[in-house]
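Next, two complexes with chain A in common: one pairs it with chain B, the other with chain C.
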Partner chain A sequence: MTTSIPIIAFSELLLVTIQGDVSDEQLEALRAELCERIQVTRAKGVLMDISGLTLVDSYLSRTLVALTTQSRLLGATLVMVGMRPDVALTVVDMGLRLEGVNAVATLEQGQALLRRLALASGQEGGHGHHNT
Partner chain B sequence: MDTTTLERFSLNGSEDVVRVRLAVRTWMRANGFTLLQQTKMVTATSEMTRNCVTHGGGGSAELQQLRDGERLGLRLRVADQGPGIADLPLALQGGHSTTGCLGLGLSGSKQLVDDFEITAEPGKGTQVHITQWR
Partner chain C sequence: MPTTPQQSIDQIFTHHEPAILEGWMCEQVAALTSRQDLMSTAALRTQSQAFLALFTLACRDGGLVDITGTPWAPVLDFLADLSSQRAKLGFTPSETATFVFSLKQPVFARVREELGADVGTLVDDLWGMNVLLDKLGLYTMELYLKSRETVIKHQQLDMLELSTPVLNLWQDILAVPLIGTLDSSRMQAVMENLLGAIAKQGSPIAIVDITGVSAVDTEVAQHLLKTAAAARLMGAQCIISGISAPIAQTMVALGVPFGSVDTRATLADALAQAFAQTHRQVVVMEPQAY
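Right after this comes the complex of A and B.
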C-alpha cells in the first residue's frame, strides 16, 4: 500500500512533493531516496513542496530537521516550501521548533533563495540559467 | 450529554496511526469543524496513537461523537496495556522522552485540544482521551 514520495530533478535542483497524509514508512523511504538522489545528481539545492501536507506532528518535524541536516552534509541546501497556515499554527502551539529548517512561501521564492545562497558561497550555478 | 461511538480501531503499527488520522479528518470536515480545529485534533491524534504503538506496545482506539445541547464534539479514546508512565507530571511537562525523542507529544497535544485526560498508572497501561468541540 506504500506509495513513494516523488523526487523530480529539474534545472540542477531536486523537487520533492509531499501530499496529504504520509506514513512513517513513506518518510523513512524518502530520507534514504533523497540521500541517493543528491549523491547521484550532485544537486546543490532541494525544494520540498509541503503545500499539500496536512499535518506536521513531532515525528514529521523530526523528519524535516533530519532531511535538512542530511542534505547539508551531502552538499545540498534544502528549502521547505508552502507550509499551510493551519499547520504552522499547530506546529507553534505544540512547541515544535523546526530548528535550522529553511522555509519560504512559494517555489519561486525557494529558487531565488537557493540562487542567492549559491552566489554567496561562490558556487557556479552551471553555464546557462535555463536549461530546458 | 449524548455519546455515540463512531468507529473502533486496533492500533498495532504506523498504518493504523494513518487510518485513525484520516477518520478524524474526514469526520470533522464533514461536520463543519474549522480547518485549524481539524489539523490540531488530527495532530494530537497522531501523537497519542503513535505513543500507544511505540511506548504502549499497541492497543485500541475509539472515536466518539459528543452532543451537549447545541454543541458537537469529537472525542478520541486511546488505550493500551503497556507499562504506563512512571513519572506522569514529568512526561506531561514536555521535553522528556524515554526514547531519545523530543518528548513534545504529550505536552504539545495538550495545547492542541479542548480537553485532555490521561491516566497512566504503572502496571495498568495508559488511557488518553482527547476532545475537540466545534
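Right after this comes the complex of A and C.
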C-alpha cells in the first residue's frame, strides 16, 4: 500500500506537494482526491509544489495537464510551483507539451497569480493569463 | 685505425663541447636577436648548455639513428619542456625550431675540421647528423603545436565562462547579454546558467539580449526556443530582445517558430515590457524649482 500525496487546505487554497518519485497509482489517486477536495472546500486555486520532483515522464506530464483541466472544470485554477531546471529541460527535450498549465517559480508568486486571476475573473474561468 | 661514424661523432662532442656551444650560441643569438625581449642570452646559454650535455650523452649511449630509444628520452623530454615553454612565451614556430636547427652549423664545421681528410667518413657523418637534427627539430615543432593547441583550448573554456553572465537587471528581472558568435556548447552553457539562476532567485522574467550576436543558425535558434520553453515551465517568462534585421530575416527563412516567444526590438523595450509585467512603472520626475 503506497502513501497518498498530501493535499493541504489553507486560506481558500489547496496545496499539493509532490516529493521525489511518485508512482502512477499515487497520481491516479491524486486525481480523484483533488476533485473531491475542490468540490468540498470550494477552493478557487490549487498550488502544486513540484520543487521536489526530480524525474518526469510522459504519464506524469499528462497527469499534470489532466489535473489542470479538471480543476478548471470545477472552478479552480491550478498553478505549478518551482519546477527544477533539469526537469523543465527534460520536459522540453521529450517534446512534451504542458498546454494550459500555469507555472510560477515560488509559492508567493503562485498566491499572487491566483489573487490576480480571482480579481480578473467573474466573466471567465480565469486561466491562461500568465502566458503559459 | 678507422673509426665508425658513431664513435667519431661522439668523440667530437665529448672533446669539443665548449667550442660547439660557443658556435651554437653565436648562431642562436644571431637568429634570435629580435627575441631578446622574451629570453635573455644568459638564460639561453644555460638552456643550450643543458641540452648539449644531454645530447652528448644520448649520442654516446643511444646512437644517431633511432631517437625513440631510452637513451634519447631525456633529450626528448627536454625538448618537450622547451617547446611548451616557448609556445607560452610567444615564440614563433620557426624561432622555436631554430633552437635545434642552428646546432647544425657549428657541429658540421667541427666535424669537417676533425675529419676533413677522410671524405667518405665526413659525408657519412654529416648525413647522419643532419638526419638526426632534422628529427629533433620536427619533434620540437610537433610539441610546440601541441602546446599551442592546449593554450587555445584553455582560452576557449575561459571564454565560455566569461561570455555567459546572468545579470540581475532589476528585482525579479534577470538578463543575459549575449555577444559574439553563438554555438551549441555556448548556448548550452547559457541555458544552464539562466535556468539555474531562475530556480535560485525565483525571477518571473528573464531577458535574453542578442544585440551583440552577429548570426544565428537553426541550432542556436532551437536552443533559444528550448530555453524559453523550459523557463516558462519553471514559471519565468523569457523575452528575447535585440534581434537584428538580418537575424530576423534568417529566422523567417529558416522557418523557426518564434511566435510562441516574446520578442522585443531593443533591451530597453524588453525592460519596459518586464516592468509592465511585474506591475512597475517608471515615472519622470518634475524638475525641482530652485
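A few notes on this one:
Basically, the second predicted complex is superposed on the first by the 120 of 132 C-alpha atoms of A that agree within 3 Å, B and C clash if a C-alpha of one lies under 4 Å from a C-alpha of the other, contacts with A are read in each partner's own complex, and residues count from 1 in each chain.
Simple rule for what comes next: contacts are C-beta pairs under 8 Å (C-beta built on N, C-alpha and C of every residue); 3 or more make two chains touch, one makes a residue touch a chain.
Keep in mind the model is a prediction, meaning the values are calculated, not measured.
When both complexes are overlaid on chain A, the residue A:Tyr59 reaches chain B alone and has no touch with chain C. When the two complexes are overlaid on their common chain A, residue A:Ala118 makes contact with neither chain B nor chain C. When the two structures are aligned on the shared chain, A:Leu89 is found in touch with chain B and with chain C.
When the two complexes are overlaid on their common chain A, residue A:Met80 makes contact with chain C while staying clear of chain B. Using the contact criterion defined above for the overlaid structures, shared-chain residue A:Asp21 touches chain B, although it does not reach chain C. Of the two partner chains placed by superposition, A:Cys35 touches none, neither chain B nor chain C. When the shared chain is aligned, chain C comes close enough to touch A:Leu98, but chain B does not. Using the contact criterion defined above for the overlaid structures, shared-chain residue A:Gln109 touches chain C, although it does not reach chain B.
In the superposition on chain A, the residues of chain A contacting both chain B and chain C are 84, 87, 89, 93.
Residues 14-15, 17-18, 21-22, 25, 35-36, 38-40, 42-43, 46-47, 50, 94, 101-102, 104-105, 107-109, 111-112 of chain B are the ones that touch chain A when the two sit in their complex.
Those residues of chain A whose C-beta lies close enough to touch chain C in the complex are 80-85, 87-89, 91-93, 98, 103-106, 109, 130-132. Residues of chain A touching chain B in their complex: 1, 21, 23-25, 54-59, 61-62, 84, 86-87, 89-90, 93-96.
Interface residues of chain C facing chain A in the complex, by the touch rule stated above, are 191-192, 195-196, 198-199, 202-204, 226, 229-237, 262.
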